[in-house]
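Think of it as A, B, C and D in the order they're written, each chain with its own count starting at 1.
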Amino acid sequence: MIKVGIIGATGYAGAEIVRILQGHPDAEVVWYGSRSYIDEKYSKVYGNFFKLVDARCMDDNMDELAKEVDVIFTATPQGLCASLIKEEILEKVRVIDLSADFRLKDVSVYEEWYGIEHKAPQYIEEAVYGLCEINREDIKNARIVANPGCYTTCSILTAYPLIKEGLIDPDTLIVDALSGVSGAGRGAKVANLYCEVNESAKPYGVAVHRHTPEIEEQLSYAAGKEMMINFTPHLVPMNRGILATEYASLVKKDGELPTAADVRAAYEKYYKDEYFIRILEDGVYPETRWVEGSNFVDIGFKIDPRTSRIIMMGTIDNLVKGAAGQAVQNMNIMFGLPENQGLQMVPLFP
Amino acid sequence: MIKVGIIGATGYAGAEIVRILQGHPDAEVVWYGSRSYIDEKYSKVYGNFFKLVDARCMDDNMDELAKEVDVIFTATPQGLCASLIKEEILEKVRVIDLSADFRLKDVSVYEEWYGIEHKAPQYIEEAVYGLCEINREDIKNARIVANPGCYTTCSILTAYPLIKEGLIDPDTLIVDALSGVSGAGRGAKVANLYCEVNESAKPYGVAVHRHTPEIEEQLSYAAGKEMMINFTPHLVPMNRGILATEYASLVKKDGELPTAADVRAAYEKYYKDEYFIRILEDGVYPETRWVEGSNFVDIGFKIDPRTSRIIMMGTIDNLVKGAAGQAVQNMNIMFGLPENQGLQMVPLFP
Amino acid sequence: MIKVGIIGATGYAGAEIVRILQGHPDAEVVWYGSRSYIDEKYSKVYGNFFKLVDARCMDDNMDELAKEVDVIFTATPQGLCASLIKEEILEKVRVIDLSADFRLKDVSVYEEWYGIEHKAPQYIEEAVYGLCEINREDIKNARIVANPGCYTTCSILTAYPLIKEGLIDPDTLIVDALSGVSGAGRGAKVANLYCEVNESAKPYGVAVHRHTPEIEEQLSYAAGKEMMINFTPHLVPMNRGILATEYASLVKKDGELPTAADVRAAYEKYYKDEYFIRILEDGVYPETRWVEGSNFVDIGFKIDPRTSRIIMMGTIDNLVKGAAGQAVQNMNIMFGLPENQGLQMVPLFP
Amino acid sequence: MIKVGIIGATGYAGAEIVRILQGHPDAEVVWYGSRSYIDEKYSKVYGNFFKLVDARCMDDNMDELAKEVDVIFTATPQGLCASLIKEEILEKVRVIDLSADFRLKDVSVYEEWYGIEHKAPQYIEEAVYGLCEINREDIKNARIVANPGCYTTCSILTAYPLIKEGLIDPDTLIVDALSGVSGAGRGAKVANLYCEVNESAKPYGVAVHRHTPEIEEQLSYAAGKEMMINFTPHLVPMNRGILATEYASLVKKDGELPTAADVRAAYEKYYKDEYFIRILEDGVYPETRWVEGSNFVDIGFKIDPRTSRIIMMGTIDNLVKGAAGQAVQNMNIMFGLPENQGLQMVPLFP
C-alpha cells in the first residue's frame, strides 16, 4: 500500500486527489496537509467525505511528511513546492508537484511569466514533465514529477500528433479554450462568486496566460523547433471541464492537403493504445459533459477545405486529467502499477 | 457474474444503472433495451460510455430478455412493467421495477393518482417495496421489487425513525421538497428546456403529486395508523439532487418536548449501522452537493422550541439513491452480495 | 428632479438602485457612496454602467451627503445606518434604510436576533416599515423608512390577506422559502463561490434566520395577536428570485372550510388595485422567472381538502421588490410621485 | 403610434420584441402571431406578461396583418418570410425579417447553406441588410430589412473597422464564438434540455455553421475583396449572451505593426458616436454579463507582439442586439425615430 501525503489537501485539486484515492486499491492518504484548516476534521471542510475520511488536517510540514509517506502531492500555489524541496526530502520520498514550479525548463521563462523568483532551480533539469502519454518512460524513475496544467494537458494532447507528424504548420496554431470555474481554485475572491460568474462568459489573461509558455515548450519539442502560439482562455459558468478549440493551417504534401484519414492515422499512431485518450468518430466533437469526473481526454477534428485549416477540439475534466487524475496516473507509473489503477471512473452524466 | 437486462436503458435512470454497473465487480449489463434507439450504439446516445460500452440498443422484448438475464431493471414510464409482467417471466428472472407500478398496495389508489388502469394487480401483493433500509429482509427473496420514487426515498427515510418512535405527530407532517431537473426525465418537453428551467424555481404538482400516497402509505406503516401529509415538490436549476425539508409538531412526553439527544437516539436506533445513511452532526444540515453521484442519504434536524416543531432535512442524489443506486442496492440484497458492492462511489464535488 | 445619494452603492442592492434610477424620469443619483471603492469609477466596479454612469465612488460621509441630496438610500450592513443617523441629518434629508436597523419595533428583539447593540433606538418609533402595499399612508410623511427584507416582503404579502381575514390559523403558519444567491451579497466568502453554490441546494439559518421576527411582527399586526412561525430559507443556484411556499390550516366557518373563491376574494380585497401584485389564475403557481428584473409580486394558492390546509406561494425578485425596487417605490410615495414611476420594467425572460 | 405585428411572437426573439416594445413610447404590438398558440392568451405562454399583455395569439395571416399594422416583424424559421412576402403586402406595410431569408445577396449561397429553395428571390436585391451601424442610410427607406443573425452581428461589428482600415489581413481571420442557449430557440429538442446543456460546453456546426457566409459577405464588402473565414460556434450553459473572440494577423505599415492606439483610432473612427457600441478601455475585455438585457455591443482587443496577431473580442445579448433589439433599432430608423428610442435598457446584473 502506497502511503500518500498531500500538501494543499483542502484546495479543489487536493480534494480531488482524496476522492480518487478513496477508490484506489493500492494507495491511501495518510497526511491531509492544509495550513488553513490545521486540526479541523477534513470532512468538515468537504462534507462529501463525512463518514469516509475521519482524519484531521495537518500542517504542511514537508520534512516530517517525508518520513511518513512514499509520495507527496503538492497541490499548492506557485512557488511553495520550490521553496520546500531539498535533497533530504528527495532521498526519502517522491514528489508530484501540481503547481507550475518544475514545468518549464528555462528558469528565466518561469520567472518572467510567473513574476516570482524560483527557489530551487537546481531541480528543474531532473524534474520530469508529467504528461503521461508523452513522457511515460521518463516518469517511471523521476524523483520530481511536474504535473501539467489543466489547459496545457488538453491543449497539448489535442495538437501533439499533428505537429509531430508535420501535418500542420506550428506557426499558425491558435488555441482558444474554455474552462469551468473550479480551475480558479477555492480562494475567496469577488470575481469567482456565484453571481459574478453565473450567466456570463469572459476571456481573461489574453495573450499573457501562464499556461502559454508551457504549451509552447512541449509542442516545440514535437515540432522540432521553437514555436509561439496564441492562447486565449475563457471562463464559462460550469463547475468542471476544459474545452480547447485549436486552429492551424494544414501542410500540403505533394500539393495535396492531408485528408481526414491522414489526420486520424496520426492520432491513432500515438494514441491508439492509450486507455485515457478517446479519438471520436468522424463528425463527432467533444463535449465536456462526456468526460466529467473521469480521466478521459476526448478529441475530435474537422478539416475545412475552404480555408485549408483544421479545427482540432479536445476536452478534459480540469480537476481529473487536468490535475488530480493525471497526478494519480503519474503515481501509478512511478510505482509500477497499471496506469489506470483507481482511475476507471465512468464520466458522470447528467 | 449476474447478468443484467435493462428496459429503458436510455433514460437518465437507465443510464445511471449502466454507469454504476460499469464499476460493479459481480454484475454486467448484457441487454440495453431502448425502444427509441434500437440498433443504435449505446455510446452514441450517451457519449460518456464511448470506448466503455460497445453494445447496441435492443428492443424491450421481455420474454427474450428473461431467457438471457438473471435480473431485469425496468426504468420505464408508469404502466409498462405491469403490462409486460407475467408468470413465465417471473419463473425465470427477477424484476426490479423503477416505475410506480408495484409501489402502492391499494390498486384503487394507484389508479386514482396515476390515472391509468393497472394491468397486473395480481402481483401487487407479492411485490416488495424496495426501500432497502426498511424492508431488507423481504427484499431478499422477492421476485418483484418496487423500487421507490426519488422524492419518496428521501422523504420517508428522513422522517421514519421519528414517526416510528412516536416523537412527532404524524398528522402535522409537511414535506417541502426540491429536485434537480434530471428527475423530470429525458423527454423533449418545452418545460424542461435549459432556458425554461435555468434561473428559476417553481412549485408544481401542489397537493396532487403522485409521490404523495407513496410517502403516506409507507409512513402510515411506521405510524401504525393512516396518515395524510402535505407534499410540495419544487423544481430548481441543477442536474441532480433532492432536498426534503420536513416539518412536524413534536410530541411531549410527561409534559416535556423531546430533546435533540432524544431525536438523535431515534435516528441512531434505526440507522447507526447503515452504510448509506449519514446522520449529520448537530448544527450541520444536508446539502445536495455532498451526496451528488453517490448512494448516500444525509439527514440533519433542528428543534425549534419557540413553535415546538422539528425541522428534519434529508438529501439524496435522485438518480442514485433515488433510482439507479437503490435499484442496484436491491439487486445486491436479492443476490446475497454485500449491500454496498459497487456502490461505494464518493460524492463528486465540485 | 429628486437628488439621490446612495450609501453602499457597490453592493448588489445599491447597484440595483442605480440601475432602476437610470430609467427613472424624476430622480438622479448624485452620490455613489462606497467605502471600498472610493475614487474609483463606478463603471469600473460594475461594467454594465460603462458609458452610462461617469461618476466616481465617494466616501460614506452622511453629513456631507445630507447637504447635497433629497433622499439617502442606505444599502449597508446592519448597524451602519443606526450609527450614522441623527437629527441634523433628518432635518435635511429623508432616509430609506435597506438594512434591518429600523424594521423591528422592539429594540430587544433586534439586539437578540442581530447580536449587536442598536445605536439609535430613539428613532425606532418614528421609522415606518416600508412595505408599500400595507403602509402606504404612513410612508408618505416618514423621515425614516425601514425598507423590508427580501424574504420578508415575499412572505408577508403572500399570507397577509388570509391572516387579516381570519381564513387561516396564524399559529400553524410555516414559511419555506428559496432564494437566489444575490441575496447573500457581494462579499468575498468561500461559501458563495460559484463552485460551492452551483449544482446544490441547502437550507440555512434553520429556525434562527433574522427575517423571522420581522415576518412575525408584521403578520401579528394583521392577526391582531402575537404569532410565531417556522421560517426556513434555502439557497438555490440562481442569481435572483425568492419563492415562498407557505402552509397553514384553514379556519372553518360554520363548519365549512373556505373555498378557493373565498380565498381569492380575500386577496382581491387587499390587492385588486395594486399594480405590483399579481394574483395568478386558479391552477397557476408562481415561478421566479416570471418576475425577474421587475418589481412584481406573483401569488398563487392551492387548497388541499385532504389535510384542510392551504398552500400559498409567492415570488419576487429579491433585488427589486425585495430591495431596490421597493426602496424606489417608497421614494415615489414619499415624494408624491406615481407609485410605479420608473418601476415598470417588464420581467426579463429567459 | 406605430402599429406592430409580430409573426412568431411566441419564440424567444418574438417575446423579446414584445418585452422591448412594452417600454417603447411610439410603438405598440397589435398582432401577436403564433401558429402554435392560436387563441391562447399570450400571457399564458409567457407568464412575465401577466397583467401587462391581455391579447390572445393570432394566426400568421400576413395579408390580414398587412392591413392592420405599419410594420411586421417576422421572427420565424428560415423560409417562412420568403414564402409569404409579395407585392400586395409590401405596398401596405414594411417588413423586418429576423430570419435569414434576405440576408445573403447570392441566392445560390443561401440555398447551399440552408438547404432550401428560396421562394422570393426577386426581393433579395432590394432587401437591406439591417446592421444598423453600418447600413443606416439604406435602412431608412427599405421595404424589407433583413435583420442580421446573432453571431453575425457580434462577429462583424467586432472586426469591421480593422478590416475596413486595412489593419488586419482578412485571410487570417478566425472567429471563435460562444453562445447562450436561448439562441437555439424554444423548440422541444432533447439536445436543449436543461440536463443536456447544463455543466457542459461544446462546439457545433464546425466549419459549416450558416452564419459563416453571412459574416463573410459583409466583411468582404469592408475588405473590398472576397474573404473566407473560420467560424466555430460553441454552446455554453447560460441563457443569453454571445462572446466572439476573433484572431487575425496584423498588417505592417512601413515595416511596423499597428499599435494599440492605431487600433483604437480605427474603432473610434467608425463607432465613436454610436450609442450602442462601447469600445472598452485598454486591458478591459468584454463579458456577456455586462450587456445582458441591453442593446449594447462591448468590444475590447489585445495585440500580441509575440505572434503579430490581434485578438478582438465582442459581446452582445443575442436576443437583444442579436435579434429583437436590433429589429426595433431598425424600426426606429425606418420610422424616423431616435435610434435608441425604447432601447435604453440598462444591462441587468447580476
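Just so we're on the same page, contacts are C-beta pairs under 8 Å (C-beta built on N, C-alpha and C of every residue); 3 or more make two chains touch, one makes a residue touch a chain.
Since the structure is predicted, the reported quantities are computational estimates derived from the model, not experimental observations.
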A-C compared against A-D, more contacting pairs: A-D
Distance-maximising chain from chain D - centres being C-alpha averages: B
For chain C paired with chain D, centre-to-centre distance based on mean C-alpha positions, whole Å: 37
Inter-centroid spacing, chain D versus chain A (mean Cα positions, whole Å): 38
Chain A and chain C, separation of their C-alpha mean positions in angstrom: 46
Set of chain A residues in contact with two or more other chains: 12, 182, 195-196, 198-199, 237-240, 287, 289, 292, 350
Of chain B, residues touching chain D in the complex: 12, 181-182, 186, 188-190, 192-199, 237-239
Chain C to chain D touching residues, read off their complex: 12, 15, 19, 22-23, 46-52, 182, 199, 239-240, 278, 280, 284, 287, 289-294, 298, 344-350
Touching residues (chain side chain A, partner chain D) in the complex: 174, 176, 178, 180, 195-196, 198-204, 206-207, 228-230, 232, 234, 236-241, 243, 245, 247, 285-289, 292, 302-304, 306-307, 309, 311, 313, 350
